[in-house]
Amino acid sequence: MILQHLAILQVMLPLLAAPLCVLSRSPLLAWGIAALAGLFALAGSFILFAQVLNAGVISYHIGNWAPPWGIEFRLDAANSFVLVVVSLVGAVCILYGRRSIEREIPEDDQPLFYTMLLLCFAGMLGVTSTGDAFNLFVFLEIFSLSSYVLVAMGAERDRRALTAAFTYLLLGTIGATFYVIGLGFVYALTGTLNMADMAVRITGMAGSGTLRVAFAFMIIGMGLKLAIFPMHLWLPNAYAFAPSIVTALLAGTATKVALYVLLRILFTIFSPAYPFESQTLQYLFLPLGLAGVFVASIVALFQQDVKRVLAWSSIAQSGYFLLGVSFASVGGLMASIVHLFNHAIMKSGLFLAVGCVVYRTGSCSIASFRGLGHKMPWTMAAFVIGGLSMIGIPATIGFTSKWYLILAALERGWWPVAIAIVAGSLLALFYFGRIIEAAYLQPSTDDSTITEAPLSMLAPMWMLTISCLALGIDSELTVSAARAAAEALFLDPHAGLPAHTGP
Amino acid sequence: MKHHIILRIGAKLLIPLIMLLALYVQFHGDYGPGGGFQAGVIFASAFILYGLVFGLGELRRVAPLPILMKLMAAGWLIYIGTGYLGLALGGMYLDYNILSSDPVAGQHLGIFLIELAVGITVASTMLAIYQCFNAHQSGEMTENE
Amino acid sequence: MTGIDFILAHYNYSASIILMALGFYIVISRGNLIKKIVGLNLFQVSVFMLYISMGKVSGGTAPILTGKPELFSNPLPHVLILTAIVVGVATTAIGLALIVRIKDAYGVIEEDEILVMDRAREQLDARSG
Amino acid sequence: MMFALGPETVLQLILLVPGLGAILIGATNRFPNLRDALSLLIATALCALAVWLLLDHVAGGIARLQLTPIVQGLPILFVAEPIGLVFAVLASALWIVITAYSIGYMRKNNEPHQTRFYICFAIAMASTMGIALAGNLLTLFLFYEILTLSTYPLVVHHETDAARRAGRVYLGLLLSSSILFLLPAIIWTWFLAGTLDFTRGGILAGKIEGTQAAILFALFLFGAGKAALMPLHRWLPAAMIAPTPVSAFLHAVAVVKAGVFTILKVGVYIFGVGFLASVQASEWMLWVSAFSLIAASVIALGKDDLKARLAYSTIAQLAYVTMGVCLATVMGMVGGAMQLVTHALGKITLFMCAGAIYLATGKTRISDMRGLGRVMPFTFGAFLLGALSIIGIPPLGGAWSKWFLMMGASDAGHLAALGIWMLSSLLSLAYLIPLVARGFFLPLQEEEDRPQAQGREISVIRLARLREAPLWCVVPACITALLSVLVYFAGPAIAGFILPALGP
């Protein structure tokens, strides 16, 4: 029975676990509940992904109302892959979180913190799973609202977390509202909220001005959530001042989910065949992506705080996503999705490593990294591997991403873009070089007894680090999954409305 | 405001009526206009009025924050649980038809449970928000989460 | 259809757009955090209005089944917006809660003053780090 | 497994031995003697394996090992082919020598972090083997990057500010050039040819032409930043900050050799000699490398610091290989491969001698080394042999590489190249020989100051005054110097071994 209903249980189990955390008094119990829910989601996402690859699209009708009238959870190769990404990062972050949260959150608030964490997690899973555009908005807001709270929880360490959360709230809400406006126009045109149905009904309306306006609103809305270059202002502070674990979770999943929604809008609801979209891709996304890569990377060079360096690097990586999308080809889309997965793994791993440093030193400025290479060898080794991956050294997953991005650029014949991609990854060399050099080659300023982080933090972090290497050496798994996802999005958006269903 | 006798009498007269209205809106929700959201807010407003007139201390005596937190979670659990009930009975998630032998009765039951869950959560949440903000303003509480 | 007629025929759109622009302007231009939240609410409400006015069918009644054939307005946008309103309330609540905490931490709720304090802090960090 | 040595097993072992060796060395951190013995043992085992593979190939065996794909359709692939085998045997043999030398040098000098030093050495060696035996460009690139990263800790060994700065230049230039030029070149090739396997006769024929081919070729040449083609040579002098064994390792065994080896492989197996000649992609790169050759020689003349002079000499000598490839003739390629071997032997000798001089006297400047030949005759003798080999005077190995290169130039009808090489030979004579001459024929610096030494006949070598460096340092230098002589006699055999690989 569980297997038949996995599509919904995947989301609803974390959502059930969240109120249980409210009721549980002890932080340890709350953590246990959260960890169980996370692990369940992880296992479930893998099973679902396998099911989708074997048997095709899964469509789950909530309340037994058939789509397009009822809300449908619709899993194809694309979103079941994103589901794996989200639940993997989420589960690892929750497992890792106990000690880190003990240090950074007051004890009374910890069960509520886990509640918010689970809500955020469930929201992201919901956004990824649902096939209904408005339901998507609802889940998006569940995840966004809880992430505002989570970011603000960093105020224990630094009061700037509050203003960061406030800015995030303003821009996030504006983004979500933009999405709703766009959705309203599409609804007015088509009378449906089911994304697959919408896509079918839109065909032939490409000339409609309303449709274009709707497209613009939805794209800008998601652009804000994804922190596309000129709309990234909320991100650096939110990442820098949030509790470590929240930063790792958000960096690994939040922008990925937003990217997924963007892909849905671009390739499922709309299609690059529409002139306004292909123009948007080429004349808006391409330059913005490039600008994002360079501007954010250069800003990252001058940051004094490691979390901020990584945050700006995340904005730069959003630029890469955008580049992949802007190629409007299966190759580009695949590169984008490969990068989505890879970046989630490596960036979360990096932020978790920073979390270990914060746990021991209480700070994450580059100065506090001095000499840590000798004092926290395992943490810093994970950090170095993550950094190498971000630079794109072969045998790490970052290399695979770059490879496919450049290949996609060459397929389109866009030489300068290919050059820009490698040049951008070089900048990563310099901003990571600074941190790693400080960690290994500079003597630590104080002789306090800083030791290695506890095993309960190291083990989950190293799970990500090892997958960072293993999937870099053998990329068959991720790449074929991403190819299936890209093809599902690009080639076959309208196929098979009534898919095989549950009972 | 202890000395404002008119306010106190007025409030005492009004509060039961407000609550009654809330209940009406709540239980009428599956037939006509109304439902858990509206009813929850109305219900909470009765308490808020009580708090305004008789003071925060009184309000916290009749609706303590820890209880409100538990109620919030409880409403939430009822909602999710109704969904799982559908699963347990062999239907889809949130499948109301399956809840009773007659699908129409099942729909009634299902929506009733859902609205009840929403009502409880909304009422307790509104009250909790009010209490937190109010407590903060009068400096009676430093931590408001 | 001339321009004026077009605008008049779609006055609900115009109203929404004006409200939206107002709200957005307030969010951007006001330094006071509470006013920003007010602007945000205005912005959201404009969208709610847009949806509800779209669902209205002229002459239609509330969709309550009475057994007689009647002209109904589309109930779905109302249901959607009910959800959106709840989301809006939640956003406002979190926003206000944040403002309360910001007032505690900084003593002010004016954006520019907070920025000045943050900058000073950053410079201090840079000097010590 | 050890008893049924198949080619594939040996290929696996050749990669595993230094890798596992690194772990073992790390595990024996507390026991320096055991650790050093282990290092030597691993080096010897590796050399034996490489020789086994070479003999197997001579006997007609084809060793091939395919692992998981890094990207779709591109597995990690190892294939034993002549040029790679020569490089592998050379590098592993020199690793033994250099390990022995490091043991002497590091102990005498009381260097810190010795375990880290040996671990990084072993990892670098593993990646060198990976480069030598790579069966496709991507595998080569993978190990090329690992080599860069694993030698970085060696370069910054002293962890001083100066070392940090040098390390930045080293890592920055090598990684930048490989990511900025080599990676796009590889992806471009993959895009054009649909394969990256090293194939006899090249894979690009007919896929690209004209200016584009020239650009691709240039990307490869500059991308292999380890080949230190000007203007990407700055990392080599910068890396001189490292302990001398590291410098020797960088110059002779692994890093720069990996660079020119990459260029050779690209020339032979990606473009193919015939195709390279027919599209004339390499003409202007020939001039770039010629400039690099002359300019580096001239700079070397002006350097007083011995290691810096040797560094610029390396840049010049590497340009020989690049020029040989750019000539796009079979003989030019053979010359390039020979130059790889003979320069390795010659330069490692020179560096070990420089280290020995530093250990014995603490001197680094050439002008201070007057008369030292009289107290360190073996060191200076070895230095002389190495220098002569690099200049290209028979009966030393270097003569063969110059010979084949010049044949290549005349095959291509490229007289200008001949002229440049003659000029550069003169220049190398001018920057290498004076040191030896001063060492042997001028009075010792300290003796000049003593009045009683003046006017007296000083015999060239007086045994009583010998002040050689430790045996661990001198003997390896002498061995490699003798090997340089030996290679002269093995020259035709090596050329004959490589030649079949170059045909279409």
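For reference, chains read A, B, C and D in written order, and residue numbers begin at 1 within each chain.
By our rule, contacts are C-beta pairs under 8 Å (C-beta built on N, C-alpha and C of every residue); 3 or more make two chains touch, one makes a residue touch a chain.
Please read all numbers here as calculations on a predicted model, not as lab measurements.
**Student:** Averaging each chain's C-alpha atoms to get its centre, pick out the one most distant from subunit A.
**Tutor:** Ranked by distance of C-alpha centres from subunit A, the top chain is D.
**Student:** How many angstrom lie between the CA centroids of subunit C and subunit D, rounded to a whole number?
**Tutor:** Whole-Å distance between the two chain centres: 68.
**Student:** Distance-wise, how many Å sit between the C-alpha centres of subunit B and subunit D, to the nearest whole number?
**Tutor:** About 79 Å separates the centre of subunit B from that of subunit D.
**Student:** Please report how many Å separate the Cα centroid of subunit A from that of subunit C, as a whole number.
**Tutor:** 26
**Student:** Quick one: subunit A and subunit D, Cα centre-to-centre, how many Å?
**Tutor:** That pair's centroid distance is 45 Å.
**Student:** Counting only residues that touch at least 2 other chains, which ones in subunit C make the list?
**Tutor:** none
**Student:** Where does subunit A touch two or more other chains at once, residue-wise?
**Tutor:** none
**Student:** Which of line, ring, star, complete or other matches the graph of chains that touch?
**Tutor:** The chain contacts form none of line, ring, star or complete graph.
**Student:** Every pair of chains that touch: which are they?
**Tutor:** A-B, A-C, A-D, B-C
**Student:** Under the stated contact criterion, what part of subunit C meets subunit B in this complex?
**Tutor:** The contact residues of subunit C facing subunit B are 62, 64, 82, 85-86, 93, 96-97, 100.
**Student:** Note which residues of subunit B are touching subunit C in the complex, please.
**Tutor:** Residue positions touching the partner: 32-33, 35, 37, 122, 129, 132-133, 136, 144.
**Student:** Please output the residues of subunit C touching subunit A within their complex, sorted ascending.
**Tutor:** 20, 24, 27, 33, 36, 40, 43-44, 47, 50-51, 54, 77, 80, 83-84, 87, 90-91, 94-95, 98-99, 101-102, 105-106, 114, 118, 121, 125-126, 129
**Student:** Subunit A touches which residues of subunit D in the complex?
**Tutor:** 68-72, 76, 138, 141-142, 145-146, 149, 156, 159, 163-164, 167-168, 171-172, 175-176, 179-180, 183-184, 187-188, 190-191
**Student:** Which residues of subunit A touch subunit C once you look at their complex with the stated criterion?
**Tutor:** It is residues 134, 137-138, 141, 145, 148-149, 152, 155, 159-160, 162-163, 165-166, 169-170, 173-174, 176-177, 180-181, 184, 187-188, 193, 304-305, 365-368 of subunit A that touch subunit C.
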